[in-house]
Amino acid sequence: MAEILRLEHLTRTFQVKRQTIKAVDDVSLSIQEGEILCLVGESGCGKTTTGKMIAGLLPPSTGRIIFRGKEITTLRGIDRKQYRLGVQMIHQDVYASLNPVHTIYDIIAAPLRHHGFASSEAATQKRVRELLETVDLTPPDDFLDKYPHQLSGGQRQRVSVARALTVNPSFIIADEAVSMVDVSIRISLLKTMSKLKEAMGLSVLFITHDLALAKYFAWEGRIGVMYLGRLVELAPAHQLVENPQHPYTQVLLSAIPEADPEVTRRKKHIQLRSMDIPSLLRLPSGCAFHPRCPAFIGPVCEQVVPELRPKDGAMVACHLATRHSSLTT
Amino acid sequence: MQRLIDTLTRTWRETVKTFKLLSRNKMGMFGFLMTLTIILLSFVGPIIWPPEQSANVADINQGISAKHWLGTDFQGQDNLRKVINGGKDIVTVAFLTGVLATFFGVIIGSFSAFVGGSVDSLLMELVNIWLTIPKFPLLAVTATVVKLNDPVTLSLLIAFLDWPSLARQVRSQVLSLKKRDYIEAATMLDLGTRNIILSELLPNMMSFIMISMIGIMTFAIYQQTSLVFLGIVPYSSANWGVMISAAERRGVLFNQQAMWSILAPMGAIVLFQLALVSFARSLDEVFNPRLRTTV
Amino acid sequence: MNPTLSVQHLSIEYQARRGRVQAIRNVSFDVNKGEAVALIGESGSGKTTLGLGIVQLLPGTAKITQGKAIYHRNGHAIDTLALKGKALREFRWKECAMVFQSALNSLNPVLRIADQFSDTAKAHGYLQGRALADRARDLLSLVRLDPDRVWKSFPHELSGGMRQRVLIALGLLLEPQLLILDEPTTALDILTQRNIMDVLKELRQKLDFSLIFISHDLSLAAELADRVATVYAGKIVEMADVQTTFREPKHPYTIGLINAVPTLKGTREELTSIPGSPPDLIELPTGCKFHPRCPLADAQCKQNEPELEPISPGHQVACWHWKLARESLNKFKA
């Protein structure tokens, strides 16, 4: 498999009231063609900011984003276009992601017309119908003249997917793409996305706060867990869920309630050392998780930022978890 | 060629749809038709009913009658005919001011929002200072310095005073719209800045812009008639402001029979404004699909 | 023994631009003493309206068209929907406290936490001074907040989870018998959510109050509830104890919902969505409101709406075909 995207030491800072906060700190990873990678974390962990940088909506403060072997800021002409159209994003907010003044037809037709993907109005119509069918909005004629507000959340999100597909992308970023969709229809939306991924060989970056959803969607892919701007663990999905290495991942997994009374009531919850969530403005020194970490092992955690190191097929940024492997390598 | 035809048919379909939507709102339709009538009467009316050249001593200060629908003035001239002849300047200045002030307001406001940074801060600081200056006294003083013989100069002057508040509102609208997800989506689809502004941003601001423009127009009517009433703008031609001023000076306040001479131009102003405002209110429904009950 | 709250044939309507919204239609259920009842359903199912209706906090466009909510305390029975003025205000704090989803912003931003407590106490003629401070500090400790730190803080100095816990503590100040929570953890992070859930479990052990909580999150119900009511299109379509709801659900909607939620345990399970979309409450389907999405629907379902009927002790279902319901799952999958 060829690599489609690589992040190298990606960092993004913001100025907030004359103070600098690091929303994303030194994130490096690589995504292959046709792969699914989930980024999971709580609000403020930097997962959305990472997505926006990959989508080219936010420039990184430092670090590099490499798309198909080329750094994206150096791209010109046809290469730039290939990247720009190649990476598309599905937003979370199903009410804000479609322009309320346009019909579904116009929303999907606009990129086709602009980029000349359809030679005539007749060809545009044909393609719009095809795309609506691809995202399981059938029959397409029921949707063409509708406005976004006349559709349900799930249907709107399908229109967003169809719109992204107009430009034949190779990389889709789905930022909490189903979290505003009703529970009873989430799975079918995810199934549609999986189907498209397979059919078109898309790579998908799936950003979510819901680990169970990540596990379901990225079962054959990988999951990366972020905490306060840093990637703390990256592993194949089933491995991360069954055998988490980082204490933060372990705490998260133990904290999530399950939709099964017996399982959820028997679950052991790992207690944190402190409930306080550190502010991005005053990040703890060393490992940012150390004030809350149940596996805290002493000064090294307070002083040294742990690097992402290999451990049993996963990548983990924890002094305890990688102590032995780092000694041997 | 095919593209051009496609675009034209689309535009035509849009126009028809807009008109259909407008026709569904009774007040809006009334406003639209009334505005059209006033414009037509003001420009075509004087050709059919030219102003009376001489005084008519027998008919001074008459009330309403079959012969004089709105009575007569101190010279015995027909009030209705004077109202028809006095509309042209008012209507011209109102529309011209509305268009000019809106144009500057939208351009400067969106420019400020798009460029951002220190340019934005500077522009908005200027706008804020501008907004604290009392407009009418300034207008009155300027009007005595600048020769205001024609409606175009007067419109420019009023527009120059009126654009800043709109600019500030447009700026905040653009700033909030710019962050919408669908604008981000359009950026990722590489639809081009011009296209994004014209077909993604502007349509969402259209009702707001149109309503602001009509607001400025009604404001311009007041300012203009006030200037004429105070005698600051010369009596170059007959208009509704002149009529009110003349009626007042000729003792309407003391002569009950002459009441119609002041009610006629006032009524014209009120009717024009009412037409504009009811038209504006219906525009929200035309531009915002969410407010339409069915399409 | 009388239930703490007995909702009987409650119907609530809204007036919207497009027409009448039938948010709650003829809903009846009991909440027993010390019991936690979960109302689960998707957005627009009417579950929040139900919560607001019980405490009469509905917006002006809403109207209770029929029904009662009988509240029992010390052998007295009162219809809370008939309460007005002072009696209603007293009921809302002393008997029944509520923490709503939007509640994160419902603390007065210019008052310190201490003043929020004393204002509430004063308004209801409750303890003052030292006695109040002691009681409030006990409650804050119970919700796992550090009273010394929180007591003199302003709301904006606290995180979302801390404010949520302050509100729960404030709600419990006047020792109500009933607590209503609407999506108590929705806007919160996983670890904060876990903390609130643990707090709630602990509180229920220590203080014996009844709990109604409203959520779209099945896992929350699985963990906290004694009984679960599934709400669809303004009606309870199934009600059972929590084990039965998750092990032996009989309504195709409950079955569909449970099979639409991924779990963390085990390998990847096969999940399915329910076809179609939740209904438009203004133009409700005829007959059973679930029939357009239901794989078991037949002519009867299109014509007649089934009422909630007991099928075994403590288990009620509103479905013509509940005996076949297990099959619906296979049909969802197909």
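Letters A, B and C name the chains as they come in the text, with residue numbers starting at 1 for each one.
As a working rule, contacts are C-beta pairs under 8 Å (C-beta built on N, C-alpha and C of every residue); 3 or more make two chains touch, one makes a residue touch a chain.
Predicted model, so just to flag it, every value in this text is computed and none were measured.
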Chain-touch separation of chain B and chain C, in steps, is 2
Relative to chain B, largest Cα-centroid distance belongs to chain C
Per the C-alpha centroid definition, the whole-Å distance linking chain B and chain C comes out as 53
Chain-centre distance (mean CA atoms) for chain A and chain C, in whole Å, is 32
In whole angstrom, the CA-centroid distance of chain A from chain B equals 50
Listed in rising order, the residues of chain A that touch chain B in the complex are 55-57, 81, 84-85, 87-89, 91, 93, 96-102, 110-111, 114-115, 119-121, 145, 147, 149, 160, 163-164, 166-167
Touching chain A in the complex, chain C uses residues 42-43, 144, 159, 161, 189-195, 197-198, 216-220, 222-223, 242-243, 246, 253, 256-258, 260-265, 267-269, 271-278
The answer for chain A against chain C in the complex is residues 42-43, 152, 154-155, 182-189, 191, 209, 211-213, 215-216, 219, 238, 241, 251-253, 255-265, 269, 272, 275-277
Seen from chain B, its contact residues with chain A in the complex are 2, 6, 9, 180-182, 184-192, 195, 199-200, 203-204, 287-290, 295
